[in-house]
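All chains are identified by letter, namely A, B and C, in their written order; residue positions are counted from 1 within each chain.
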């Protein structure tokens, strides 16, 4: 069997990160979590990427963690902590710290780790047949605190409770109604819709997008304080201290001048 | 007339708490608030309860507070404060502090105190003919700060403002759309749906459920600081300081082993 | 061309504030932002206003900021900051600080500044043909931090990201589903629905409404801390320190006595 991995591609201003572990419906291995962190740190340091798409290889987004690895580390407290705080949160935090807009392309199973990864994306587009949940109560363990905080914030407390306390599964329309998904499309329209979304984002002012993400992220700071004793992952780029330093930038001048000239801006 | 009371029943791992004050549509008396606290402190200290259902006797959930008692204490500041901070919040805080999953079974009127009690439940299942609101602006008084914070958090700010500033009433489908209700079912299917939900929860890993509730509760801590000068109710059980101490537990091992063995876990 | 202005009217307990700049679809000029602050400080100090309606003159609510003014001040950091922190936030903060219930009457375009102004209203009623968005990424600049925090809180993070990162536009039913709008009505029913709402609010206990607004506002305090270095606008009225001081008030006694007497209260 082929071990799980991440594929990173870039075409012009668009990056694409694909979770590849198809014989396990793209379940995340520890290696894949570490690769996720590396991939998003790369995006954050890049100067020319304007939008990132996260998708799963084949017909599923991500079915959760790779349970075949669990017996090796989950039953000792130290290694369990290192898994959640190091591998998993390392990947998720790198996504949350990324200033470039992220679009999730969701099909098939989006469970557990899949919901967590999608929760770090800005725009979530789903095929209508996708299925969502986090039925780990069937596996005898709770969601780690920061992961639960992240999911509850994005899917809402009511749905988070149903996922965690009932092990309930949901369809794409439920997640749209809960405010988690931006759009639900026919299964065969998913590729085109995500590509169009990414191109639309890439055509807009890139500095403004980064600043908007920094601002919206700051609203979510309480996540970091969910539980004490967490190691801090150092952020690659610090958020701006001055929200008005962009005043004299070329992008700002171009956008307003183009409007006044009644022409399309070129960012 | 029969004075209001609470009925507590337990069958196996399922507890059931029934608000009984039928000639006033289960309006909460001061005594019932105190009984609510006692009941949930009992649940929290119990070792074998895995799910609690909260319901109203007869065809209503709870129509609010028992206004016939109000003239006796509401017009003096000290006794008004004692009512809200002692009796009412004592009951609600005991529910919020309870680590066992709570299912609300909602039918008929769910008004004022009824919305507050439902707001402390994890999974809310409603009959489609149920009615919701908090029309106390017609009674000339505001919602007490912590109660308003609780309700606004659970029904959302927009609906809370309509309830409090317009004295607006809503149907079950409105509360479903607002993300407050987990499920709305036909009136005659309510009993069966709630029972099935409770059994489903009771079959899942009980330690994981408690830990998930502790985590989700921690996200809501700001509630406690809504207003200064509140007395602190001592919690029966403190939340865990170590979210990974469960690593070597039997429940955790059973869940993962059962998955690997392709059999149903026995928690 | 007629310069933009605000019109203030009062009939009995109802005030009406109209954004008047029709040849620019009621785009906000700097002067209009300052007038907005003055108008709401007046409302707050008034003793007899029980409800305020905010509407746009003609067929639009507000199309955003008046871009024709932007070249004069946006490209220097100091004047850009003064615009956002002084003019814009001065107006919005006065709305947020207002203890009197505010109803937004939304028709036509509700974009950028329009969404921000609507976000400060308690009850939002919209014509079904209204359009919503904040497509400033096309103008090359981000939303200022406190404005973005306000909008994200009211429309939800998912929709805020679509507005800011995709420059997406939405219809009234989308904003209803997102929990932003209280009601969506046929275009020709908007006037009557808003008037009925305002009259209904004005007939309820006015002291209770002010206290409820103070409580709900306190839940949103984190907004103030979104970014450092902001100047503080002094509030006209401080929120009450004692949430139970109303115990012996005439309004409280009247509401409960009327209920016990089975008559309509007169507040």
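Keep this in mind: a contact is a pair of C-beta atoms (placed from the backbone, for glycine too) under 8 Å apart; a residue touches a chain by one contact, two chains touch by 3 or more.
The model shown is predicted, which means the values in this text are computed figures rather than measured ones.
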item	value
Graph class of chain-chain contacts, one of line, ring, star, complete, other	complete
Same vs different contact residues, subunit B with subunit C, by half of numbers used	different
Rounded Å distance between subunit B and subunit C, as computed from the means of their C-alpha atoms	33
Residue list for subunit B, restricted to those that touch at least two other chains	153, 177, 179
Footprint of subunit B on subunit C - complex, ascending	101, 122-124, 153-154, 177, 179-182, 197, 200-201, 204-205, 207-209, 211-213, 215-216, 218-220, 241-249, 251-260, 265, 267
Residue numbers on subunit A that touch subunit B, as the complex places them	67-68, 70-71, 74-77, 79-81, 84, 136-145, 148-149, 152-153, 156-162, 164-167, 177-179, 222, 226-229
